[in-house]
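The following pair of complexes shares a single chain, chain A, combined with chain B in the former and chain C in the latter.
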Partner chain A sequence: MSTTVETAAAKPAARVKRARADGSSVGPWLLAMPLTLVLGIFLVIPILMLIVVRFLDYNSVQILWSFVLDNYGQALSDPVTWETFAVTIKYAVITWAITLFLGFWLSYFLAFEVRGAAWQMGLFLVCSVPFLTSNIIRTISWIPALGRNGIVNSVLLHFHLIHQPLTFLLYSQFAIILAFVHLNTLFMVTPIFNSMMRIDRALIEAARDNGAGFWQTIFNVILPLSKTGIGIGTIFVITLVMGDFVSVSIMGGGQSASVGIMIQNEMSQLQYPAAAANAVILLAIVLVMVFLILRVVDIRKEL
Partner chain B sequence: MSKKTTIDRRGLLKGAAAVAGTAIGSGAITGFPTIWAQNIKNVTLRQFGTGVSNLNDIATRCKADTGITISMTAMDTDAAAIRAITQPDSYDVADIEYFTVKKVFPTGRLQPLDIKKITYYDQIVPLFKDGKVTPTASVGQGTAPCRVSYTEGPESKKFAPGPTEWMTLIPTIYNADTLGIRPDLVGKPITHWKELVDPAFKGKAAIINIPGIGIMDAAMTIESLGMMKYGDKGNMTKPEIDKTIAFLIEQKKGGQFRAFWKSFEESVDLMASGEVVIQSMWSPAVTAVRSKGIPCTFQPLAEGYRGWGGGLGIARHLTGLERDAAYEYINWYLSGWTGAYLNRQGYYSAVLTTAQKYMTPNEWGYWMEGKAATAPIVSPQGQQIAKVGDKRDGGSYYDRIGHIACWNSVMDNDRYLIQKWNEFSVA
Partner chain C sequence: MNRDKRGLSFYLLAALFAAFVLFLYGPIATIVILSFQGPNGGLTFPMNGFSFHWFHALFQAQMVGNFGASITRSLILAFMVMVANVVISVAAGMAFRRRFTGSTVLFYLVIASLIVPSILVSLGIGLLFSQIGIDPAWYSSAFGAQLTWTMPFGLLIMFAVFNRFNKSWEEAARDLGASPWRSFREVVLPIILPGVIGIALFGFSLSYDEYPRTMMTAGDSNTLPLEIFAMTANVTTPVIYALGTLTTAFSACIIIVAMTTMAVIRRRRLAKL
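Presenting the complex of A and B:
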């Protein structure tokens, strides 16, 4: 999702420039062709279908070919829809705040505290090791750790730190956020680390020479110069969390909802038009969020 | 016993094509032109269905016995319904449940099945015909198999009210479901559905998160509490759905439930790990927990069971040799080995007489007659699940199947139910 937006944003400018340079008008079009076809077939057409389907009527078995505004109206007027979106956005915002904090300081450590490019890259690769296994496995592996008789509770009980097993650890909002943070921090670390590595070290020395303290350097030099990385990381995290249904259903024990789960439920009951209506609303909300992020941060600067 | 029969049947298919008379004697391929027997070996049938019966052991055995290759895909109940309706060309044989067929059959994706081609039709239990296990038993509420078993003719998409010569599915499997409990952790005898929401089990209860089944468990609980009496639990009115969901939301907000599970494995993990001590459960899940050495009971309850049944259907597009192979496969399915295999997991097979031949008297006594085991009972995978002297939870076949209060259902207000169920998920 986010890559599409970036490429789409980056392409036209590049194309115009090159077209002017070599004077031919066919070459650039041919070059743009494969991407256009891929995006057209796999992105634009499905979205158009989604938009059409949401206007169709349905019963418990199949889609009926009649035009109704019902699905859309029903989805929009139903408080359940809004509650679900609110919960999902809440997850996205909390996850974003935590991953941003972690991502920023991890990147800062890698970029400025660790000496030598080899060590920096080495440690960065260590960060990405957990990503060699699938999302679902990484999520599920929390269950034995957090359960009523899990590792965390056993250890706490053993040292008499608690007397009753803590049940909020699993199948709760805490568990969901924990899994999201675990799954998505790297998506924040990577772009921020990338941005920080490009910061001219002379600027930091200059800041120090001018008497800036640690926090002043962070807020006035490093943070503004990492803005593109933060922007890209934010887009990754927000879109991933907004669209998730697996982590929420596993870590929430099926008790918590997200837009993804709502859409999945509707699809599993063959209510495609309702699912399509919700998918379009979700798409619109995420696009608005991405648009706002792009207003704040000029991502093209980095690409 | 079982080994000997295999050799007979295999030999039959290999060499004895000419000796058609023997075939009639064994009952294996009656009604088929014997000439097919050779060709059928090269047929591959694509089957999909729920994890309950899409087991590789069955495919392997089928290959050995009939030569037909079955390529199986296991999925959850909802996914199976979607596959049946939206991808009719992607399968040849559908292994689905009766409440799914209520949705699928009217779409014309399956062809009516000719009972004259079913060798063991006469021996299929009456549950799937007139719905009565015993002459005095009543048919439970909901989508009971007998209500969607028959269709009007070879081209029909409509259900017939009573037995005809054309079936929608050939029944294979069914069971009576109830609550599973951890007898070591509940700390008191469990006798009624209402104990699912007993405050003593706060944060330690779970229900199934499939709307058509979960609502039924909730309805059993509500009736047990005496809060409401349903006209038909299998076909609720909108106010009934509203009240049921309101009840579930109240329980959820009160912290009664630890989790809602969707797949078989989840229910096993919840129970085995002790996260949950009382929950909706399926029979083989109880068996799976027990085979880990953890006590688990499929507790019979005063209000009765929630029943379900499944069978094999043939896709509309299947014709000629492949269709004959599909009928041959179904006939093989009912011929005993698979029935015994399913019975040993705690389900029931649609033709009991043939399955009995593949079970020891001890197994038959334990699983079907409610007798104490005279030797250890082992699962088809070889793990011990009951020791000498143990009796099956709920007792005999008639005690269990004869007390089905309602069946898994598709309601007329299905769309409304899904909407409300989403409300419950969000709450």
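Presenting the complex of A and C:
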């Protein structure tokens, strides 16, 4: 049944397709209209608002420009701003390195060591399902483990590995990075696993038959062919960490800073120009990072 | 290397994987256990008895603020986002099967929507609404803000679905005289149904748990994640674990229902062939 339908449809398909494309060029436009409208109203205009927020209040171009530069000048000349951006970039880089290591090896395990599609998909779901639960709850759930009287300290004290409870475990940079790794590793696993599943197994057989060892196969075959997945995962992790304020404020215990917290504080004090200035600087940094990553990988290959 | 014998790398990586799963699920398991603390129990172990005290406390309004109203709001909003996400993503997914003027720009906008830091979307929408003089509310500005986060996932799922879609079925339907709508409803939709359920699952779950894009856009009435985040600052009893346990259990139910439905559809389809 299916084969007859397919062969019947295959012959006139090319001609029909061409005719239809000419006749109904409005179709895709109508179908894409809701998406375009929502993105226009809730993404493009708001981001433009951030950039030109002062233009709306002043009519004279000159006053306006001095004012705009003033906001950015203030933001850029304050050493606290620089320190905050620096520490946020540090979080992003450390989190990136750890999630990349975990993401690569977990994906490698799923794609090449686990046998059978059902096991692969099942274990992949185990890694990715927490994405659909609350980030705030997942962050809070570290408190009983890491606190002064938490599980980690109790266990270490019990076995006399330490004599004083460790205090750096919670409300510290360690805790912040731990939470970032906990929340964001699946953003590395998913795209890298996706890339690895597309690698032709014959290539690995060929490498092994030609005498390549484990590491040679990793570095010369698997790593280059997973590059796109690594790039996508990197973009996710960097942008999520750079803009975060939930994990930092829960795990940092109110003392730690990040760009997200700085912007949030400025907003709650109604200092919108300053918040917008920092937001635009953050956007610029993220865009530069994404641009650099896109120079190395072509993300459209994955679609 | 022998194909049938597991190498050392398998055991090392299996250990890493097991450790990662423990790392991923261990903390949430501890707060589930701790939410059953006795009435005098604290935020950490040891367990001070076993009780449902903190679950009862959750439903006494003075303990945690107006938690019932926020959960209702979150559920309605998640449902709205789910429906809108499915309609918009499926329609756009159909459109993206062909190149059209502006399709590349629109594609990059979708990607931008995914990777622009959420706090910027939140702040920008907050500014936009204050400039045009509309009060932000969970059903208007927060609804749009959450869609900017859920739609890219919906569209990526559609791309994955249509990559494996055999167009000849649809063309057969049209050649037999079916209208575009009829061929969509009777041929395309049944085939892509598991993907559509996935889009619904993403829309509902991501909205139900969304915090950063909702923060500046929800107006005066909090959604559940906003309420929970406010609680982290000033609640020092296991009641917050009870809330965490309840909302995670709810998310887990949604995920299980959606995935079971997808599996049943797949199995039925295989049985038919």
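Just so we're on the same page, the second predicted complex is superposed on the first by the 250 of 303 C-alpha atoms of A that agree within 3 Å, B and C clash if a C-alpha of one lies under 4 Å from a C-alpha of the other, contacts with A are read in each partner's own complex, and residues count from 1 in each chain.
By our rule, a residue touches a chain if its C-beta (ideal position, glycine included) is under 8 Å from a C-beta of that chain, and two chains touch if they have at least 3 such contacts.
On a predicted model such as this, the values are computed, not experimentally measured, just so you know.
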{"item": "First, second, both or neither for A:T88, with chain B first and chain C second", "value": "neither"}
{"item": "Contacts of A:T167 with chain B and chain C, given as first, second, both or neither", "value": "first"}
{"item": "Residue contacts on chain A - larger count, chain B or chain C", "value": "C"}
{"item": "First (chain B), second (chain C), both or neither touched by A:N149", "value": "both"}
{"item": "Partner chain(s) touched by A:P28 [first = chain B, second = chain C, both, neither]", "value": "second"}
{"item": "Partner chain(s) touched by A:I45 [first = chain B, second = chain C, both, neither]", "value": "second"}
{"item": "Partner chain in contact with A:F245 - chain B first, chain C second, else both or neither", "value": "second"}
{"item": "Touched partner set for A:M267, first chain B, second chain C, both or neither", "value": "both"}
{"item": "Chain A residues contacted in one complex by chain B, in the other by chain C", "value": "143-144, 147, 149, 267"}
{"item": "Of all residues in chain A, those that touch chain C in their complex", "value": "5-6, 8-10, 12-13, 16-17, 21, 24-25, 27-32, 34-36, 38-39, 41-47, 49-50, 53, 56, 102, 105-106, 108-110, 113, 123, 125-127, 129-130, 132-138, 140-145, 147, 149-151, 154, 182, 185, 208, 214, 235-236, 239-240, 242-246, 250, 260, 263-264, 267, 272, 275-276, 279, 282-283, 286, 290, 299, 303"}
{"item": "Residues of chain C that touch chain A when the two form their complex", "value": "1, 6-7, 9-10, 13-14, 16-17, 20-21, 23-28, 30-31, 34, 43-45, 87-89, 91-92, 94-96, 98, 100-101, 103, 106, 109-113, 115-121, 123-128, 131, 141, 144-145, 147-148, 151, 155-156, 159, 163, 166-169, 171-172, 174-175, 180, 201-202, 205-206, 209, 211-212, 215-216, 225, 228-229, 232, 240-241, 244, 247-248, 251-252, 254-255, 259"}
{"item": "Sites on chain B touched by chain A in the complex", "value": "78-79, 81-82, 85-86, 103-104, 106-107, 203, 206, 209, 211, 252, 257-262, 269, 273-275, 410, 414-415, 418-419, 421-423, 425-426"}
{"item": "Interface residues, chain A side, partner chain B - complex", "value": "58-62, 78, 80, 83-84, 87, 143-144, 147-149, 167, 170-171, 249, 253-255, 257, 261-262, 265-271"}
